[in-house]
Amino acid sequence: MKRWLPSLPLSFALLATWLLLNQSIAPAHLLLGSVLAVAAPLLARPLQPHGHARIRRPLALFRLLWMSAIEIVRSCVNVSSIILFRKAEGVNSQFIRVPLDLRSPHGLALLSCLINSTPGTVWVELLSDGKELLLHVFDLHDEQWWIDTIKTRYEQPIREVFEPDTLQGENP
Amino acid sequence: MSFAASLPWWAALPAATFLVLGGLITLIGAIGLLRLKDFYQRIHGPAITITLGAGCILIASMIYFTTQQSRPVIHELLISAFVLMSAPVVAMLIMRSAVYRDLRAGRASAITGGSNSQVPGNDKQP
Amino acid sequence: MTAMPWLQHLIVLPVLIPLVVGAVLIPVNETRHQLKFGFNLASTALSLFVAIALLLMADNGHWPLDIGVYLAANWPAPFGIVLVVDRLAALMLLLTATIALAVLIFSMQRWSRIGVHFHSLFQFLLMGLNGAFLTNDLFNLFVFFEVMLAASYGLVLHGYNLRRIRTGMQYIAINLVASFLFLIGVALIYAASGTLNIADLTTRVAQLGAEDSYLLSVGACILALAFLTKGAMWPLGFWLPGTYAAASPPVAAMLVLMTKVGVYAVLRVWQAVFGDEAGVLSGFGLDALMIGGMATLMFGAIGMLASQDGGRMAGYGAIISSGTLLAVIGQSEEGALAAGLYYLVGSTLAMAAFMMLIELTERIRPPGAALLAVTMEAFAIEDKPEDPVGVGIPRSLAFLGLAFAGCALVISGMPPLSGFIAKFSLFHALLDARAGDGVASVAPMTWLLIALIVLTGLAAIISLMRLGVRTFWASGALAAPRLQFSEAAPIAALVVLCVVLSVQAGAVFAYLTRTADGLARSADYSERVLTEPSVRPAAGHGGAQ
Amino acid sequence: MELVIAISVGIVFGAGVWLILRPRTFQLITGLMLMSYAVNLFIFAMGRLWVNQPPITPVAGIDPTQFADPLPQALVLTAIVIGFATTALYLVIMIGARGLTGSDHVDGEEPRE
Amino acid sequence: MLLFSLIFVPFVGSLVAALLPADARNREAWLAGGVTVYGLVVAASLYPEIAAGEILRHDLPWLPAQGLDFVLRVDGLAWVFTMLVLAIGFLVVLYARYYMSPSDPVPRFFSFLLAFMGSMLGVVLSGNLVQLVVFWELTSLTSFLLIAYWHHRADARRGARMAFTVTATGGLCLMAGVLVLGHIVGSYDLDVVLAAGDRIRAHDLYLVALVLIALGALTKSAQFPFHFWLPHAMAAPTPVSSYLHSATMVKAGVFLLVRLWPALSGTPEWSWIIGGAGVCTLLIGAFAAIFQHDLKGLLAYSTISHLGLITVLIGIGTPLAMVAAIFHILNHATFKASLFMAAGIIDHETGTRDMRVLRGLRHKLPITATLAIVAGAAMAGVPLLNGFLSKEMFFSEALLVGSDRNWWMSAAAVAMGIFSVAYSLRFIAIFFGPPATDLPRVPHEPPRWMRFPVELLVLACLVVGVVPAISIGPILDVAVHATLGASTPQYDLAPWHGFNLPLLMSVIALVGGVLFYVVLRNRFDLHARTRTPLIYRFNGAQAYETVMLRLTSGAEWLLRWLGTSRLQPQLLIMIIAMLGVPLLLAGVPTQWTTIPRQGTDPLFALVWVIGCVCAVAGAWMAKYHRLAALSLIGGTGIITAITFLWLSAPDLALTQLMVETVTTVLILLGLRWLPPRIEAKELETPSGVWLHRSRDMAVAVAGGLAMAALTYAVLIHPASDTISDFFLLRALSEGGGSNVVNVLLVDFRSFDTLGEVTVLSIVALTVYALLRRFRPAPESTGVPAQQGHSLDPASHQTPAEQANSGYLMVAGIYLRLLLPFLGVIAVYFFMRGHNLPGGGFVAGLIFAVAILVQYMLAGAVWVENHLRVRPHRWLAFGLVLACTTGLGAWLFEYPFLTTHTAHVTLPLLGDLHLPSAFVFDLGVFAAVVGTTMLILVALAHQSVRAHRLPSEEAPQDSRRPS
Amino acid sequence: MSAATLLSFAIMFALVCTVLAMLLCGMRLVIGPTAQDRILALDTLWMTTMLLVLMLGIRFGNLVFFEAAMLIALIGFVSTVALAKFLMRGEVIE
């Protein structure tokens, strides 16, 4: 199974992409889409050293995404108001370092997506062999608050999704 | 605008709202890009465009075409997906390149923004 | 028309053979040089056969009005792209194939090995040249020009060194800009006339309103600039001598053909678009062409006199030949055109041979000696007679000398080879055609042209003699060059062809007169092209289109 | 629209011309790129301007006057592709020349004054 | 055929001679002698007909279109010249057999000599003037080769070039003259031309023709002011001098004048031009001859003088003068050839030709001395020798024509007589006096057969001089009759005509000459003079050299003014031409029909404000801020894409976007090899640069305005009836696709597309070939500074490490995830291309970009270790697939590239339409992928290569395993 | 005010906003001052262009625009990544 279908979610996503693109669920498209959904990951496999993400807790993922969506909208309003109404000099833009326990590359990727999608924060890079995240914050008022937020609101759920085993090992 | 004539209110109103919102956010993002002080601030401007601006307009498009074509038109989701996949990459790469550029040039103040914040750097540096 | 005669496919072969062979050779490893060369040779030889066959077909009534039409993709003119073989196209194909074969054999030992993908590029160059000669569609002409140019870029830089890359950069930049001009010209012509097909243009030109005529003529001017840049008309051809001198000899020999493509395109487009059918636009720009041609002639002659090395001289020789042809086209006189075509054939063969020869003569003496010889000539230093010449010139030197003399005679238009016959026939046509009842009818411009051509010939003689004397006779280390048979044979063959051209001048002229005659009848041409029906489905074959 | 396109073509072309007359290879290549935009737009404009009438014919038996002229579009497509190829080529030659000649002058050597 | 062989055989002989071995002196001589004897026999066999006044013709078709046949025409004049050429030729061959040294490469000599002989025969036997010109130039050519026979000597090369330049130029004039003549007469046939004398002389172009032909003749015959080449031609071996430069080639000029006498003569112009040149030559040549120190030089000037004499006679142009001219041609040939040969023997035997050294040779070379003295006497015009006869005829003609009014003519004749006696004495003097002791070699009598030709010729001088009427009479007669026809005068060939004025002149000349010589020798020390008095200032040779040098330097100067080898001016010219030529030729229209336009959308205008600002700013920054310029131009590209989209060209927009992206990456890949430009130096700009810049700015603005105007003019003008409707109407029904642009590309105009992908492939191959030999600039060979910087944690990682665990790890998750999506989307755009925007090209680029992203992410080495991309195969596969699809049509008996559609009905899937255009498009796709990958990968590999190099040199830098 | 008018006003407004946003991006692109500013501006320009294209699709009621928008969303980042990588590492493909 794994040999022919490296990742079922990916294949489904590809099939969905195909059907969405063609806006059709005609048999021909289903067939062709399926062929592509199988073939494309297979052909791309040599270039995927980290393999594909295995989502252990889909529900946790959806919860996380929903929360993030709200956070994004909120941050968006904040950033907009800063841009429109505050003097640039008054904005306290800072780099901060967030210690990370998350190790899964896919988890880190998701984290980066969430952080970067949230206006006001930009992921710069992982430091100290991935134990620390360098972030840039648009308007920093309280560094510790940021660190805590990221640890609890983002890192924790992501670890739940991608590395529940290690998480349980740490917090029994 | 011939197709729009047949649009019912219940679709037109949210579509219009999302459009206006999307347009505004996009503009604000661009304003941020233009008027903020330095690069590290400016990079936060377009972020709103990419996430919320794009989202609003995509939703508007979905609403509009679904009503107009009388069938679910949701392929805009693809765009959202692709944007969500590529935007973080772009942001982190531009940011990192800027950081190291400034570090190499010895413009640490540009990074710290003249404040007391930590300078990012290589911990392994001897 | 039910089924398509198989022979008809011959028309597309000059494009197709090189394309397929060039493509097939791409993945073949460079270490299998023999194989690549073999394919290339077979393809080029086949192209030669096809060209001969097409020439015969175009001349023996195989097609109505002796014009073969091939509807690529089976769409009728003016909508689809149409390949057309008439006598002129067949002649150019033959010339191309001949020179290509000679060049290829010449490059077997050395030049094809100094860089990668020589053989594919060579085949693609052939494809571009042949396509440019065959196509009847302006934009398709652009495409084939680009094919040709792209391949020539590759070949000009083949085995690149400092000199090649300097001139190559210039060559490419100029041609890129010229391509823009080409596009602008084609676009304007389309905007004005609504068509891209040259034959269709013939029928449309006369019906155009004043504004569209204006747009068409502006487009034609700009298009002509693109052609003339390739054809190296003064002042658009300064790139040529340097490029020729720097390119490797076989490539330079092929470049000679490429200048002719520029001239060919001007001739083709002008005869069809601004011919007798063109109404008010008939003969548009011909005077400018003639003046430009004459300026080019003059420039070429000056350049030739000023040149010290063979490659550069050959380049200016090519400019001279372009200038002559352009001026002849500008005269728009049938007899002169036939003579011009004869000149084109002879001078192209000789220039190609000359390009290859130059390289061989450079093996005669070490570079220092040549420089010394130049200095001594310049200051008229009398060197003491040295030890008498040894036991005669070694054979290779004799061969080179003979071939050099042959080329020089043709290029300078000295008797008895084809160059002289061409010039004489040209003068004859210019004078005779206007003779009528006396003197007054020979325009001063015609006299000027004749005088210029004569003087240019003189300049060519002087320069080539100087070069020859320096190369073969100047004292100094004189090494009997090592020649491969594969290097000598193609040169010999081309020179012999020039001789045959002179001996068989009568037959050749008969053909060329028919060619010029056909060119002048643009209405026939367009009728033939536009009425060629597409192949309709025969019973049993469903599903076409 | 017509005026906008015309002025734009003019400006982009002019900028391209200015650049190709400059002495540095990089300027030349950027000039070629700009000229190529302008020329492509120019060819495109030869089919006149059509808003929201792409030459996509959903059914047979359409009224051809209701669609943009497809031919210039096809020509531009080919021109874009060829322009891309030649830009690539010039680029490679440009860096090759820079390496070999030690100069990024378009003549491959600094002008002698 | 026999006639034809007369010309043909020497050329064949020449060819054979060239192929003989270098040391085959005897075989060469036998061959050449055989050829000559054959010719003599053939020519002699024609005598009966010729003597009967017949004109023999042999026509071979040659250039019917120009009304030109290859005609051999033998009349008396031609026959006499043929005999002369062959007879002297035979003697020269015999002489040369002994003259040429064993170390000389004889094949070349005899080959050239025979070729010359053939050419000369061609000149005299030509039945039409064009053919005559051909052989005329051939004699120039062969003589050039013969003069330069000892080409290791600078004087030989110089003499040959001079002779060739002068005579070939004359030949060109002659050709022009012949053309004019042909224009006047309407034919080049000699018979027709000779018969049209009156028409020619009455024509407006007569003078032009005359001058041009005279230039040809006078240069060939070394007439003033073109005589200077002849003395320099003496660098040739003596047999050549004796043959070409006394007996035959230089006679070609006068032969031509005699030949065309019926057509051209009889006008004052003729007399003035021909006669005038002749008189000057006569005097200058004779005078200069006296002051030579070189034996051959003396003979050369004497030849010039005698040719002048002949020219004067022709210029006089009366029938009797013509008789004298022809007669003197023959006489001069005999005595001068023998004198040259004698000079050659002396040179050969003593090792020198310097008359200041030579003396008393009669002791060692008694027979040669006797012969030379007799021949010299003939040259001086001593009675009872042939030279006397023709010279006396000249005197009498000079008297007759000159009469009282033009007494100077007679004076000149006498002066020439005096001079010729003087130089003959100078020549003869070498045999007298005490024997020289300081000669390079001790002279002996030459071999018997080497002297034989001289003996024969001297004998001829004597016989003709004593019994002219029976010896030369009949021969002269045929020539004269052939030339003069009905106007042949009565003339009397006899050594004695009684006491008359010409005799007196002869006596004056003889006596005066002796006195003059004695005076010169005793009072003016001839031997010490290094230059000819009075006329040394007129040095033709120097003038020639000056002209040649000036020609070159002038040409170089002009070339600098008229041309350039720099790129920028050339591009400037192109742009100016693009602006100017249409204005010049087509002008500006006065009125313009317009159509209602599309309303202007302010948004669109605003979009273009961005586009234009980007373009202008990009142009502004391209010099110092490359990255900025690149970004800005990318901005213009985006706007262009939007424009396409806005204005109903979605395919273009997609393509533009893709190309934009790939081009940006491409240029970035290249940018790495362009070292940064140093700004500081450039800051101070000289004022000249501003001038250039304003000029360029003006041109750029003009160019922009012109394009804008053209665009606007077209856009507001109604479109013509275009061929586009055809495509719109048939794309779906017959092309099987609703996206007309795509159907155009893969069906209607698939031939274009085939060429287009070929261009792509060619460029890819070229780039690949170039980069194989790529040598980066020294500054950019190293690893970029960014990568070695200690601050950057990535600086010590391989690209793979960066992507798999380094700073790119997180980004890599996305970029790698995108790969299958991009693949699917490429397929999508490919599949739908026929009906909606997309197609093989866009799909190919998307696919290529998908892989490219992987390269950017993880580096070339890693990607290629995990995925073999074989761009060459993609390329070949694409091209071959496209061609094969096209060729498939052949099987159905359709033209190349005809589209076929397979209609398949499958269960569950329904109707499927598979147009062959689809497969064609697949070929396009593959070729595009191959091209893009090949170019980008080849560029990318440079980094790998460049990094490997320094690491090989510095092993401590082990950061890259590669 | 009909639904259509409302929508057309909304589209007009959004279009104007987007084009203005593009203009601002263009200005940042021109004024820089640093290379990263320009890259950021270019990336934003791509994004706003995508939005513009989407809105034009709504305005013209034509789904063809969608394809272009999708392509921009997919591909637009590539040049940005390349530019950023160039800045960061001095070369795009190592």
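As written, the chains take the letters A, B, C, D, E and F, and residue 1 is the first residue of each chain.
The working rule: contacts are C-beta pairs under 8 Å (C-beta built on N, C-alpha and C of every residue); 3 or more make two chains touch, one makes a residue touch a chain.
This one's a predicted model, so the numbers in the text were calculated from it and none came from an experiment.
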item: Furthest chain, CA centroid comparison against chain F; value: E
item: Pair joined by the larger number of C-beta contacts - B-E, A-B; value: A-B
item: Relative to chain C, chain with the most remote C-alpha centre; value: A
item: Computed distance of Cα centres, chain F from chain E, in Å; value: 60
item: Chain centre separation (chain B, chain C; CA means) in Å; value: 58
item: Approximate Å spacing (C-alpha centroids) for the pair chain A, chain E; value: 74
item: Between chain D and chain F, centroid-to-centroid distance (C-alpha), Å; value: 21
item: Junction residues of chain C, two or more chains touched; value: 139, 143, 146, 150, 153, 157, 160, 169-170, 173, 177, 184, 188, 190-191, 196
item: Shared-contact residues (touching 2 or more other chains) in chain F; value: 15-16, 20, 22-23, 25, 27, 35, 39, 41, 64, 70, 74, 76, 81, 85, 87-88
item: In chain B, residues with contacts to at least two other chains; value: 29, 31, 43, 45, 50, 73, 75, 78, 82, 85-89, 92-93, 96, 100, 122-123
item: Chains touching one another, given as label pairs in label order; value: A-B, A-E, B-E, B-F, C-D, C-E, D-E, D-F, E-F
item: Contact set on chain B toward chain A in their complex; value: 25, 28-29, 31-32, 35-38, 40-41, 43-45, 47-48, 50-52, 71, 73-75, 77-78, 84-85, 87-88, 91-92, 95-96, 99, 111-113, 115, 117-120, 122-123
item: Chain E - residues contacting chain A, complex; value: 793, 804, 807, 809-814, 816-817, 819-821, 823-825, 827-828, 831-832, 854, 858, 863, 866-867, 908-910, 912
item: Partner chain E, residues of chain B touching it in the complex; value: 82, 85-86, 88-89, 92-93, 96, 100, 103-104, 121-126
item: Contact set on chain E toward chain D in their complex; value: 565-568, 571-572, 575, 597-601, 604-605, 608, 611-612, 615-616, 618-619, 622-623, 626, 629-630, 633, 636-637, 640, 643-644, 646-652, 655-656, 659, 662-663, 666-667, 670-671, 673-675, 677, 696-697, 699-701, 703-712, 714-716, 719, 722-725, 727-729, 731-733, 738-741, 744-745, 748-749, 752-753, 756, 759-760, 762-764, 766-767, 770-771, 774-778, 780, 835-837, 841, 931, 935, 939
item: Residue ranges of chain E in contact with chain B within the complex; value: 785-786, 789-793, 807, 810-811, 814-815, 817-818, 821
